């Protein structure tokens, strides 16, 4: 497996977590390739820089995403297996990964920084909450460190590697690698080449750089995003404005927003006052919620988004 | 090719345009299949009807779309070739289509209703505008009808079909079908089986039932949508609320909206008054546009959406 | 639409049919990229040129095709619509195509060379047979030429282009382009950018450069193949040896072949004599066919392939 | 996570390894659906049972695989994570998997049968060889069992589960599940719904039921294959004959085979004698190999396949 020290002097590589990395090893196309592909549909016309920028922003804003497929990024990545298990779910990408059947897995395990050892979130069933402290933090850190080290020794023993615990098995082959690896925990590192087009990479970044994604894959996504920003600056900015940080307003929320605005305009009230009146008219908050067909959670989020609470 | 009269008594078929149809010939899964797949991730817990509904709406609202892939629809479709050319661009679907190399194309061409013979839109470069009238309408209708009929006769002549124009070629084979078909215009009908999962069908319907799509494919999309509505009523309603009729509010528009709302709340002004003040403060409309980094078109659309003009 | 004269001085473009072209406009990776991706699975070791060649041949021979996905080709193509209808069926590719809704279709139609005007094959239901001759040839050529020219005039009239037939419609818009195009036959040209990875391109070439494909798409495939040969010479040669010109020998054929060989070796007979004896032993050809579970067609093809008839 | 005892009375479920299972939970289409889709291309004609069988065999034999896409299988699967890591690489399928971020992983680990504890193969770099014996077997079995049990206790401790080792941490939340799972080895079980069409399932089975695949995924593939055999018997038999157990004969091997056959027929020699003469004529085995452009390995395999050694 490639180790960080082999690539750290290569400017296209960044360190990721304790043993991993993100390297951009090849690329096809940039902002100009997007424009070229789009113009085959939309016709020729003038092509000044400002118009190219406008065209790219138009495409992204209206989710006309096929021209984005003309740009490809090929990364060399090293990440823990549990991150890889999320990463591989993005099917519109090409992968060649290190094989634990063919090669010996290496002694590299992700041990989180103490500040990352966070308690289970009490709000988000799949998220992390406050950092652990004191004895609890110490136990967690020690457990992960100890398990990683001990399991690797067990792995070496199974494949009868001389560095493993001694079982006096002489020069025999040891257990097949494809079986011995079963004792390695999912914080063990793996390595891969990963190729994806810009449309699918934007889709990936929307989901995986999001605050609901596991923090480790957010970090991976953000390191890859830097390369997009460098090589496709106009598309990247459009992505941020119209896709990554856009919000989806449902038909229900749209109706409610428009009703509040109309009431504000028609009754000479502020936006907040109008909302309060709408609750009063409906009877109470729950009645308003039912009138619009919203769940309690939707109305809560609506109020937070539009600062009504 | 299957003709409408062969399937019109089958309740799962609907007529489409003048010679086409949409038939649902098989299906796997429904709302319950979506819930089943989602629960394997989210755990078990109680499963009352109302909770299933809430779960499906939650999934669609947050674009957790993989459980929607567990539902499949298989359609039998007949449509003009120019519609097929748009239809086939949806890659995540399976197709078996009538072959003009293997079989003789039939004398079925789409002749639009006179009310559909609309002028080129002066606003939308790829759309239709006002209906043609008088002599212009007559010419258009007659031209399309005549070309369809005459080209078909030419096609028959080329394949030396006895119904074609007589060229006294006796019983010879005639030009290969794969070549003779070259004279058929793209309003000629084709037929296919088309299978797609619900996630990708929703994506299709979002794009093709949209008012910017060509009217003929909108009609096709809406006929297929009826089957989704029948068999997955909860997912369909969630799709309408959170996906089909949702609007994407960009980071830029979100900032502007929040600023207007804040100004309304802080200065005791209505929503509209606040917007006018923001223009005044910036200098003029163009200055406001530049301050927020919007194109003129974006600000126009913003004002229309939030009734500010 | 881009015309041939605009690109003919560009060495990366080749002419295709009468108005079309194949241009390679971008590319990512080559033989070395395949090796790089494969080695991440198979480990490091020495990397001399001859070993790289052996590795690529090994990968292709055993259909370990994921490393081939690391190479991308982006083509600029112009082809008749009926060829595009076959081309687009390859779903694992990216397309941006000229839009007949947005832009005016041009007066470019594929008129085959007289030698290509072949009769329907009497053997192959979807193929072409002997070239037409005399009056039949003349009629076919004239029909295709006339229909193309006349339909284009009808198209111009519909969109109220001054070059169309005069209908005295003044300066009105004319029928919407998205509708007017319906009178254009499928030998009209379209233009596109097309991006595909090498694995999927090999799959395309296997099917479309095959003698059973329509001749026009074979020509397109072969022009693209030239670029693969230039940029990935080792992978190309491996493709030819192990994939494009390999034959698939079924379990049934394999058994029969082995039985003939065993009989030859055991009874001191030639290969052909052994086959004849096997027919005699079975009773007749049909009995042999049934004994091995072959269709008549399979046994016919078997005899042709192994020169037994 | 669903445990085997919950589903063992359901006839559509089979046990897989020690804690896993394969259940067929839904299906769309069968042999008739393949025929229906194919006939839309090939025309109507008579449809007796024998002809349907012939059509399906024809399709599979010529790799006209699109009609196979019309059949869908949906499985409920439970397998170790290291098998899942191979399984997920098949991208043309839909997955909903148990989430270790959302739910607690269960105390189920794959402990291979002693007979499966095989040494590293000395021939196949990614395979298993002879079974371990004696002390070595005991060590391997004990190590895998011990690591599985101890790591699970560490996992419980990390999430502060009362069944874990006591750390006197009271009723606090414990480490987030998304982090705690990092100590679980890849023989821990996961569960998923998996939906795939028949074309892609055949592709999967070709690769994963193959003797070069890891034995654990071969077993998974074979259990799924039983369901295909039951529901699509004609397609299954065609798959076995023409796809799964077919051999790919390269252009090189084809040439050599034909030359041996011609020499046998022309010189009144047996098949084996002819091969020996060809070696003599070339000089030696290596010269023959070079004459045909084969690697040593290819000629070795050729001789084994056609019983020439």
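Letters A, B, C and D mark the chains as written, and numbering starts fresh at 1 in each.
Keep this in mind: a contact is a pair of C-beta atoms (placed from the backbone, for glycine too) under 8 Å apart; a residue touches a chain by one contact, two chains touch by 3 or more.
Please read these numbers as outputs of a predicted model, since none were measured by experiment.
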item: Pair with more cross-chain C-beta pairs in contact, given A-C and B-C; value: B-C
item: B-C, B-D or C-D - pair sharing over half of the A-D contact pairs; value: B-C
item: Centre-to-centre distance between chain C and chain B (centres being mean Cα positions), rounded to whole Å; value: 30
item: Centroid distance [mean C-alpha coordinates] between chain C and chain A, Å; value: 39
item: Residues of chain A engaged with two or more neighbouring chains; value: 95, 99, 102
item: Complex contact set, residues of chain B against chain D; value: 25-29, 33, 36-38, 40-43, 66-67, 69-70, 72, 74, 94-99, 102-103, 191-193, 195, 197
item: Chain D-facing residues of chain C, complex; value: 54, 57, 61, 63, 240-242, 245-252, 254, 257-258, 260-262, 264-265, 268-272, 293, 295, 298, 306-307
item: Chain B residues touching chain C - in the complex, by the definition given at the top; value: 80-82, 84-85, 88-89, 91-92, 95, 99-102, 110, 112, 116-122, 125-129, 132, 135-136, 139-140, 143-144, 147-148, 151, 154, 157-160, 167, 169, 172-179, 181-187, 214
